[in-house]
């Protein structure tokens, strides 16, 4: 059997959905962060797969994926720093505990 | 002096005088300012008499008309736009000439009389200002050539009546009576108002000659003429206290008695009659309106007379009598008796003013209106008694007194038109004789029933008796003078357009004699009941006819109907306001409220669906759209935010992908 | 000569000067306010002698581009419809400012807002460009909000926001209407005079829709049933002088708008709406009067009587005759003067007794004769006694409406009776009868109040006896307007 | 490579931002104010460079396109607006007491970096550039939001903002990947021809439309468009006030700029069949913003909801998609900068006055009797609020006027299966919303003018010494300067908007 | 055939890791699973012939981000209580949302079900480098600012108050 673009897209979509589910349900901030990383990865798979199957002449998709990886890294850095600060202030990393601001 | 050319001065001089009196001097019970008013009206009297004299000897030509431009406004009649130049002016015809004399004369005498009657009143000066203002308005009504100006004066007359009835405003009753008078007459004025609108929409002018011409040329549709006629009648019924709007007049007796004499006997209440006469050409074009006038008059004459029979308040008896007599006039007008009606108006002015002033004199002496507390006053105030007797004879129609001429003329005219009406009027005439003599007997003869009051009674000062004398003289002689050589008929007559005059019956000779016989019987009956020292028979009769008496004393429940009407108005008002504040306001202003309630329900729905959320919900249910939307964010949970977002996103993605 | 601009913006200058003055200089603030609005009054009064009464054209026109990109102009001008209202505005503002001299707290802000309000009102009547018109229209809202909200009665906040929201709801639809008209016209323009002539090419359904949008804006202001419920509340809560301006001028903006914009620009829509308009007018007249009758609060009663009187204006307009239009304009002016006086008078007694309950008084005429006299005069003028100004406006409205709406006019005459009834009842309960001992030390009107009242009373009498000056201003314009509708 | 000279302002600003970091190290902690001055000077320099660029090439630079970015009047317009808002924000920071002075350099640098991101964002015509620029803005904003490190509200606002931001950028990236799949490039314009490049075959393909939907939501996050608005009130309330002011203005209009470029010009929403969708979102945005704002007692939060609603109004112009719509969007964006920043400035003057704990002083109750404490501040606030509500003669009115006009004109010329009712309905919902908005704007006015300064209404935190609040309220010169600029804009553009409109109109025909 | 086996293996690794990330109670384990999943994705990149990307993924993601996260989780220590459930109560709703999204995405998959590639895998590093310094120079430079900003932020949050 031959692998089609569909296979990769299914995989990407599955990863995206798992990430989405995690982002919506994990109680821990870091858990959410990790889930979001999964969503980024889903996008990266898409980019690479599209590049390979549909636009094999260029490398735009892969380059874009690299940019995404970098940006994701930057986000994680800030996010973790933030989580640590909050943890220092209020000793919790569960998002349910963040409800000072509401309404 | 060119009296006629300066006839416009007649209303203006009292008007100016009124303002001078009102503004030029401070309030003072002994103010000399009334002399200004008397002087003004004196001048008017001289001028009026001069015009009258000129008209009688034919040295001046009537009708006389003179107009000035007042203001203008755009109008469209029959699709044709034009700038209507509203004139203000005078129109002096025979009726106006006579009315001028009547009004000026009575006004003059009443003002002189009031010097005595009102002397020492804290608002003495103001009283004269009001009187002068009234006179001005009334004279304006008489001389105006413009129906709208007439209406304006008509309203101002009503206003003067309001302030004069309520002159002693510190007491509650006059205040109430004044209001009642104004509102009741205003009710009638609505008809007049609509009639005016109708006239203008058809004719495009308020000028009486132009309207007359319009009618004469046959442009006026019969239906419109009827409507206008009825509208005018409505107004006249209010002002002239015709059935069923006469309820205000008895109450109006709360005002000072000279005021009653002037306004509610001689002049203002005659304005309605005068108005019908002034617009007689319209009635001529509408048999229905004519018919209505006749019957309204006849009914009024009878009903008022019956009510007078049971009344003990001397002024109210006179008031009912006035109403009844006005009914005579109205009926006469309704029976093509233009001359007869106005003739009676003229003579009635004299003797009714006389009677009121006499009553005033009596009240001045005994300080009560109740005839049951009087009696035998002829001993104390013979002149007044004599004057009253003269007046009573005149109104009763004792031959060769003024009332006899005019009433006879009416009865004849009415009989010729419609015998049914004649019988009603004849009956009224008989009743009139009865209750008027009842008044005389109760007041001036018999025994003194209230010794305290009797002891203090005294004859009035000359300022009051002199006018009485003059009026008494007029009551005796005016009829003879005016009917001599058909003087009045020559002066005041209406020429019906050809073919409009209905076929008439011929009055049998001796009709007057039969009526007089009946009247004489009534007088005797009255003497039998009230002329002696004991009233047993009267009491007995009263007991036997209790339901009838009751009905009459309650004034046929018309007052109650009026009150019920007022009450209905109040209720309607309250209901309207309730609707306003509870319904319309709710819907249209606090429409948000409605939305909010809906939203609250929505919020409840949410909670029902996500029942576990309710556990956390500490605050009450949200109360608006915003509340419902806010529900999404109320807990401040980031993942809930994400969920909502993702839900919308997923739905949209699904829809767009598969569309 | 930019005379109209000067008249309109003089109060703005005053407002800015007041803003620059320190809070403590209360006397100067008052003087500046009176000076500016007085000057505006004098100038607008001076126009009376230069106003050409023979033409229906706009006069004293000022026109310059304002936002040329979308063809918005700064376009002012007056004709017989707007000039009387401008005169009324300057007069009533001046009078109200005099009456406001007894305001004790936050004087600077008060006069500032009041002058801004005057700018808005004058601008509405003077502007001939729809955008400009709308701008001025909205400018009136804000000062009113503050004037009611800060210096008002117990429920002032609610009244203020109710007034604001209610009026704004109406006017935003007007804004949409303005835009729709703009895009409909070709070339696109907001020029009212051009728009007044371009309607023949607009289809009926469009006109009806746009008419409704405009009507919503105007009807709220009039206020026409059923959009009137803000009015009693606003009036009752507003301070005296604000009530005066509200009744005397702001309500007129609605009627003016209907006459100027809706009628001329959207004849088909207007025609479509006519049967409803006349019914609304009748409801306004009778219902307003009935509601007034149910009141025990004098101010509220007068407020409802305003609804009743605005009904006459609407009736006159619905007649579609030149007489009706004259009547509507005249009634606007007269009602302004009379109701202004009534509110001032109610304010006078409220200042002294802190109650407006009709039942709380009795027999005051003996105690305060001048006040009683003035009040009676104003009441009788309001109920349409001939010889006072109110009569003529009503009469002309009725005459104008009668040919087309015989039945409705006939019915609405009942309004006259009810009006009489409640005014007389009020007079009876407050002034007549035995004196209520509680008020035996009541003082009569003082000089300031008299200063504010006398011009109104004098004009009421003058116009009642001799309405020619007012009618001459109006005639040419309304004649032209009525001719439009063929 | 394209002419880098066109990017001179951005480059200069980045360099100055780097310089700021260096200066932070060198400058002593005491003179932190100096860094703020450095920052606004940097922004002013960029501003001047843009202005110079506009003036040398005969008023307007020719649009350069076909690459990753364009420099055209529209982009320059937005850049000017962004820079203006940055300068005003720095002015606010100068008066704000809650920022740690030691970290002024970090703060300013982040501010400048995010500004660079915005400037590139409005110029971008490439999805990748858009994404990176957006991330630059986001990451800087996250940090800025949490800048009051010891304040738990600030922390919480930052983390919520961060999570929401990361989540939506993940979705957006997924969208970009689909976009790449559908088109084979990340460009929004055709590299070969300088004109509009619309992958004609692709617009109806689900891949492309889904991509555009995901990207739209990514933009929606920054522009605070419902249903991506949830973070807004929390982040604004938590953020230091100048940051909240900045966030409510600069990123929002920059995103609006790119949104307009993408969905009006490059890939018109109508061609995607997104018109109804966008209209619905616009209505939802307005309604959410306005109705929820009715309930707010915290002024920062209230203004946050108000800014959501404002975004909804701007969306009307984008939905209309006509030239008039673009004009409206541009116009409103600039006007919005002035009025919203002005409003926030007053809030800062009131809320930051005296109390160091930063809690509760942004409650509505803090505005009680402001008119008596400082009439000028109250009047300033009133002007800004009324402008936000869209009342003439203030600038907000002109903006709304244009937007509603755009909707109506779009409705008149609606074609291609789109019902005109969509546009008319949008206009009607818009005006109704502006009525609703008056209610809460006037609620602030109610507190300022109607209530006495020391009324017991609403609990107010006592000041440190427990005494009553100071009778008079004084704000510093920078704040007043900021207010004056804002008011000048609000009044000038309201009364005489023609110069602005003329410029806005000029920018329309130059769009690629 | 080998490609297919490699794909399925890597896909299994990536998906299993991903599911573990979102389901495991212990956050440390989750973080480890994340590393696994990311590695799987890296393998997929390799399958696609994206050599540079494969390297980048391994270096940055697996070697950088995943490790960083593990460190952070360790630092939080007590926060990863094992006895607490790590999935909140809205999981059902979330599942529904995911299902709907999935249904939408399924349409896309359907379009490309039979798209296959015959292009041979080539070395991409050079091309990527050229692209980054050519067309994508601007975003490339901008990325540095992004990283700088992230760095500033991280430093700011982590350092102790000077006062």
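Going in written order, the chains are labelled A, B, C, D and E, and every chain counts its residues from 1.
Here, a residue touches a chain if its C-beta (ideal position, glycine included) is under 8 Å from a C-beta of that chain, and two chains touch if they have at least 3 such contacts.
Computed from a prediction, not measured in an experiment: that's the story for all the values here.
Shared contact partners of chain A and chain C, listed by label, are B, D.
Contacts with chain C and chain D are shared by B. Inter-chain contacts peak for the pair A-E, counting C-beta pairs in contact. A summary of chain positions shows that the Cα centroid lying nearest the centre of all protein Cα atoms is that of chain C. Mean C-alpha position of chain C lies 70 Å from that of chain E. Chain A and chain D have CA centres that are 27 Å apart. If you average the CA atoms of chain B and of chain E, the two centres end up 100 Å from each other.
Chain A and chain E, compared by their mean Cα positions, are separated by 6 Å.
For chain A, the set of residues touching two or more other chains reads 16, 19-20, 23-25, 32-33, 44, 51, 54, 58, 60, 67, 71, 74-75, 78, 82-83, 85, 95-96, 98-103. Residues of chain B in contact with at least two other chains: 630, 633, 636, 638-639, 642-643, 646, 649, 653, 656-658. Residues of chain D in contact with at least two other chains: 128, 132, 135, 139, 142-143, 146, 149-150, 159-160, 163, 167, 171, 178, 206, 210, 233-234, 295.
The chain pairs satisfying the stated touch condition come to A-B, A-D, A-E, B-C, B-D, B-E, C-D, D-E.
By the touch criterion given at the top, residues 1, 7, 14, 17-18, 21, 29, 67-69, 100, 102-103, 106, 109-110, 113-114, 116-117, 120, 126, 128-129, 132-133, 135-136, 139-140, 142-143, 146-147, 149-150, 178, 205-207, 210 of chain D touch chain E in their complex. Of all residues in chain E, those touching chain B in their complex are 88-90, 93-94, 97-98, 100-101, 103-105, 107-108. Put simply, chain E touches chain A in their complex at residues 1, 3-4, 7, 11, 14-15, 18-19, 21-22, 27, 30-31, 34, 37-38, 41, 44-45, 48-50, 52-53, 56-57, 60-61, 64-65, 68-69, 72-73, 75-76, 78-80, 84-88, 90-91, 93-95, 97-98, 101-102, 105-106, 108-110, 112-117, 119, 124, 127-128, 131-132, 136, 139-140, 143, 146-147, 149-151, 153-154, 156-158. Within the complex formed with chain E, the residues of chain A that make contact are 1-11, 13-22, 24-28, 30-31, 33-35, 37-38, 41, 44-45, 48-49, 51-54, 56, 58-60, 62-63, 65-67, 69-78, 80-85, 87, 91-94, 96.
Those residues of chain D that touch chain B in the complex are listed here as 159-160, 163-164, 167-168, 171, 206, 209-210, 213-214, 217, 227-228, 230-231, 233-234, 273, 277, 287-288, 290-295.
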